[in-house]
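Taking it in order: structure first as structure tokens, then the write-up.
Chain nomenclature is as follows: A, B and C, assigned in order of appearance, with residue numbering initiated at 1 for each chain independently.
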Amino acid sequence: MAPLLLVLALFSIGTTFSVAGAATSTPLTAAERSALIDEGQRIFLKGCSSCHGLNLEGSAIAPSLIGVGAASVDFQVATGRMPVADMSQQIVRKDPVYNEKEVEALAIYVASLAPGPEIPGEEHLNYERDGSSAEGGELFRTNCAMCHNFAGQGGALTQGKYAPTVMGVTPRHIYEVMITGPQSMPVFSDKTITPEEKLSIIKWIKAAENEPQLGGASLGRVGPVTEGLLVWTLGLGMLVGVAVWLAMKAR
Amino acid sequence: MTARERIAGSVANYVDERTGAAKWMKKNLTKVFPDHWSFLLGEIALYSFVILLLSGTFLTFWFDPSQREVIYDGSYEPLQGLEMSAAYASTLDISFEIRGGLLMRQIHHWAALIFMAAIVVHLMRVYFTGAFRKPREFNWIIGVGLLTLGIVEGFLGYSLPDDLLSGTGIRIAEAIIQALPLVGSYLAFFAFGGAFPGEAFIPRIYTVHVLLLPGAFLALITVHLMLVWYQKHTQYPGPGRTEKNVVGYPLMPVYMAKAGGFFFIVFGVTAFLGAVASINPIWLYGPYTPAQVSAGSQPDWYMGWLDGLVRMAPPLESYIFGYTISWNILIPGLIVPGILFTGMALYPFIESWITGDKREHHILDRPRNAPNRTALGVMSLTFMLVALINGGNDIIATTFDLTINQIMWFSRIGIFILPPLAFVITKRLCLSLQRADRDLVLHGRETGRLVMMEHGEFVEVHEPISAEKAWLLTQHEQNPALELEESDLRGVRRPGVLKNKLRARMSKAHAVAIPKATAADLKEIEHH
Amino acid sequence: MSNEIEAIKDPGLPAHVHRRADTDPKAAKKAERQVAILFLLSALGTITLIGSYIFIPQDVFIFFPVLGNTNAHQLFLGLGMAASLFFIGMGAIHWAKTLMPDEEVIIQRHEFRSSDEDRADFIKTAKDGAAAAGLGRRSLIKRSLGLSLGLVGLSPLILLGDLGPLPGDSLTKTSWKTGTRLVTDPGDRPIRPEDMEVGAVAQTLPAIAPGAHRKLSDIAKDAVLLIRLRPEEFNLDAERLSWTHEGIIAFSKICSHMGCAVALYEQQTKHLLCPCHQSTFDVTRAAKVIFGPSARPLPQLAITVDSEGYLVAQSPFNEPVGPSFWERSS
């Protein structure tokens, strides 16, 4: 047994938690702030205003950004959803066009014109300390699982829209999503789901994300469909294969 | 005589003097079983059932079938401190506290899926080869019964852990019961001991799942096997195989070793799946509460077609004299499945009524030689497949970038168009295969070798096929359609004429065939 | 049949082809070794199983290609078990195939039909038995027996009567009463209209006395979804509009089709989708069904605010919530 255990020890890797990539949130001086707003305005006029209007008023093809707040800008731009190239389809997560500093500038600029939900600071995102994964699971199943599936893998909406997976999303972005309600998603207000409860949800999502395979290959965590598929392919395939061999005459 | 032989002799003597078993054993140990991989499909189902009994018994040692509320304090952190039913908590304990418990749970669930899949492919084998014909109609009906019970038993097992997915399934089952005209709400309240979900349902279905239905299974499987044993197995056509004999290997030792070995294979494969592939990770679903649901809530595959039918049903309800009839539930949930399963159970009798064939059959049909039956089978499978696909429409939509609305409309239209289309295509395919068989017998196999004739023309060399092959391709019967009088001489329509007309028409359709090659045909060809 | 006469002849069972192991002792010995190796692999599997059970703790994870970071206890226990079983099977089958006699045996079938003599005897016995019992003559016995057998079948049905109570008004009534506060699920906090921004949703239940316990069978009827729109987005008649409050509209979360929780709200289209069977409801038109199998809109709960400014029910639901049933009148 000793060699086997050695192999196990060599291979075993403990559960690791991905470190939340949050924006720096040291308080800004007035000068820094106004510089950022100028920078944000420059980016906005160049990259966003053709659709969202020179004064955030929106247009036929894009919503008004008045009152969406810094959180919304940060989520949309930092996850690469904005700027969007093809508006005929669902806006998806991709590599961001702007770097972290540019996103911050954009967010501050948009928020400076009309206030809205703010980017949660890192001190408000300590889900490990302030959240409870059991409570978070309960909240997730009541508020999120009907769209994002029981394990946060995402699911179908009407007319080809879908709720994306919540795996691999940074805690900051998960938080922003809940307070801003992007695209098809509704808003989850701080009074109906408190900030602590939101951290619990994040903690549960991160626990699910980092949960190792307790019972073998996860099969996508989408329920009985993939299980049925595996039975009809691998399961029955192996058995019929042996049956064919069994009935073949030996040479 | 060696010591071992002496011991064996005295054991045999002891048993025989008390039971007279020697005569019976002598006869049955030499019983012959034909060898073919497709004859093992039913065995997969049988062995899966044994695996289910063994793994299920293991699970009962720790499972607590109660909906009493408890606070979870086990080792799975994301659920600690939550209120849940004892059933769910004990399933978590089986998964995380009992060594090998999760493995056994997964083996049990995989075995159930394999059990149902094996029953279905076994049924397909029996159907497409005509093995259900006289004298095996009873066994066909028992088989349909086992399939039906399997669906119910599987669903109850899926419901027992009381997780969010199984609770959603029970909720839907309750809605089906509740939709029954007249008695629906009463039956639902009786089944659940009050309003849904109550605290009575899981203890009740537990008894049904571990006692009542397994008992029924055991009884039906015993009869099923005894009939196979007594009637002797069917065999595929081939040289030396007739309606009057069985060609194969004797039970002792060959078949015993093969069948016995195959049990271990089935168990081994199931254990392999249980080891490497997660199934029903109930800890992720969370405990059931009626206010929650997960995207992509599906039943296990053998109920998927039913869910697909329910999804595609039209939004129809009738309100008559202050009462409600929910067609959107009754049609897909009860009426269509009822018609399908009744039709399936009665099929042997329907076919023999159409063909007028009341003789015994022990040689199997090659599916192409019964085009109507084969086409009907493919048609039914197509129906089921469309329904099954719709049952997973949300997963398919997100995987293949489609919309659930598209898949739903595809299914709603496809369920009417595709099965008849499958019928026509299959029947044509069967007939062209028959034609190919005929050509093969008459003209031999194409060798791909070209030979130049004297006058410069290239001709491909055809090689005559073996006598065995020629026999295989021509051994089947081709019976003419029934001739039924449609009206009497004076043209007066008699009662039953319509029935006769229908029967004659179906018989005619059933008898469509490409004439098989005969010895006379061969002679004529040689002559040229 | 006429075509039977000129049919191609059955050439009979082909000659038996010997296996290598039948003629070559070396091949036989090799096959024997192969079988033994398979059985030994099975033994190795059992040893792995025992070892894993005893030595691998349940919280050890190893990385395994394809599977990912996997629980080692479960994996090796299962693989050991699979091997221990699978290779016994492989060994036995290989043994049967290579070393046991493989000459095909022919046995004859017997006809199932009994001889005419036996059949006549059977019918006579049955008839005699019936006559001896006087089944034909004693019609009084026959009829009374029929009656009692028919009635005795009722007793199990009667005895099952206590399986459950009768529905009573349970299917038509919920816990919502005039003035019942809507509280968050989970959390049990009352909600003010200003707590919800436009585009927000909230999962709610009726408030209960502090310390009281909710029954699942109540939640199964009481769950309500709150959605806030801009009031001008509604397309409702005057009565239904009066059931909303400052753009907040409340629907029963229990699907009118088969009772799943309908809470899949699309903020942009204002559609509610049931994930079970994909019934789609238009929130702006009082949850009118626009797609899928459901035949009825979700029941709407009339809401308003109480003196402290919290959202409350104006009145109970005016129709039964959840799936249809026979006695439902519309």
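Going forward, a contact is a pair of C-beta atoms (placed from the backbone, for glycine too) under 8 Å apart; a residue touches a chain by one contact, two chains touch by 3 or more.
Everything quoted here is computed from the prediction, not taken from an experiment.
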- Query: Which chain's mean C-alpha position is nearest the mean C-alpha position of the whole protein set?
  - Reply: C
- Task: Using the touch rule from the top, point out the two chains with the most contacting C-beta pairs.
- Result: B-C
- Whole-Å gap between the CA centroids of chain B and chain C: 18
- Query: Where the centres are mean C-alpha positions, what is the separation of chain A from chain B, in Å?
  - Reply: 42
- Per the C-alpha means, the centres of chain A and chain C lie apart by a whole-Å value of 31
- Message: For chain B, give me the residues that contact two or more of the other chains.
- Response: 96, 102, 106, 258, 261-262, 265-266, 269, 272, 274-276, 291-297, 393-394, 404-405
- Note on the structure: Multi-partner residues in chain A (2 or more other chains touched) are 138, 142, 146-147, 155, 158-159, 213-218, 242, 246
- Task: Could you list the positions in chain C whose residues touch two or more of the other chains?
- Result: 67, 71, 74-75, 78, 89-90, 93, 97, 102, 185, 203, 261, 263-264, 275, 278, 291
- chain A to chain B touching residues, read off their complex: 132-134, 136-138, 141-142, 145-151, 154-156, 158-160, 162-163, 204, 207-208, 211, 213-219, 221-228, 230-232, 234-236, 238-240, 242-244, 246-247
- Query: Contact residues on chain C for chain B in the complex?
  - Reply: 1, 3, 6-14, 53, 58, 67, 71, 73-75, 77-79, 81-93, 95-97, 100-102, 104-109, 111-112, 160, 163-167, 170-171, 185, 203, 205, 216-217, 219-221, 223, 253-254, 257-261, 263-264, 275-279, 289, 291-296, 322-330
- Query: Once bound in the complex, which stretches of chain C touch chain A?
  - Reply: 17, 19-21, 48, 51, 55-56, 60-64, 66-72, 74-76, 78, 89-90, 93, 97-98, 102, 184-187, 189, 191-192, 195-203, 227, 261, 263-269, 271, 273, 275, 278, 280, 291
- Residue set of chain B touching chain C in the complex reads 30-32, 96, 99-100, 102-103, 106-107, 135, 168, 171-172, 174-176, 178-186, 188-198, 200, 231-232, 239-250, 253-255, 257-258, 260-269, 271-272, 274-276, 288-297, 307, 310-317, 319, 322-326, 328-329, 332, 360, 362, 393-394, 404-405, 408, 441, 467-468, 470-471, 474-475, 477-479, 516-520, 522
- Query: For the complex, which residues does chain B have touching chain A?
  - Reply: 35-41, 44, 77-82, 95-96, 102, 106, 109-110, 113-114, 117-118, 121, 164-165, 258, 261-262, 265-266, 269-270, 272-281, 283-286, 291-301, 304, 392-395, 397-398, 401-406
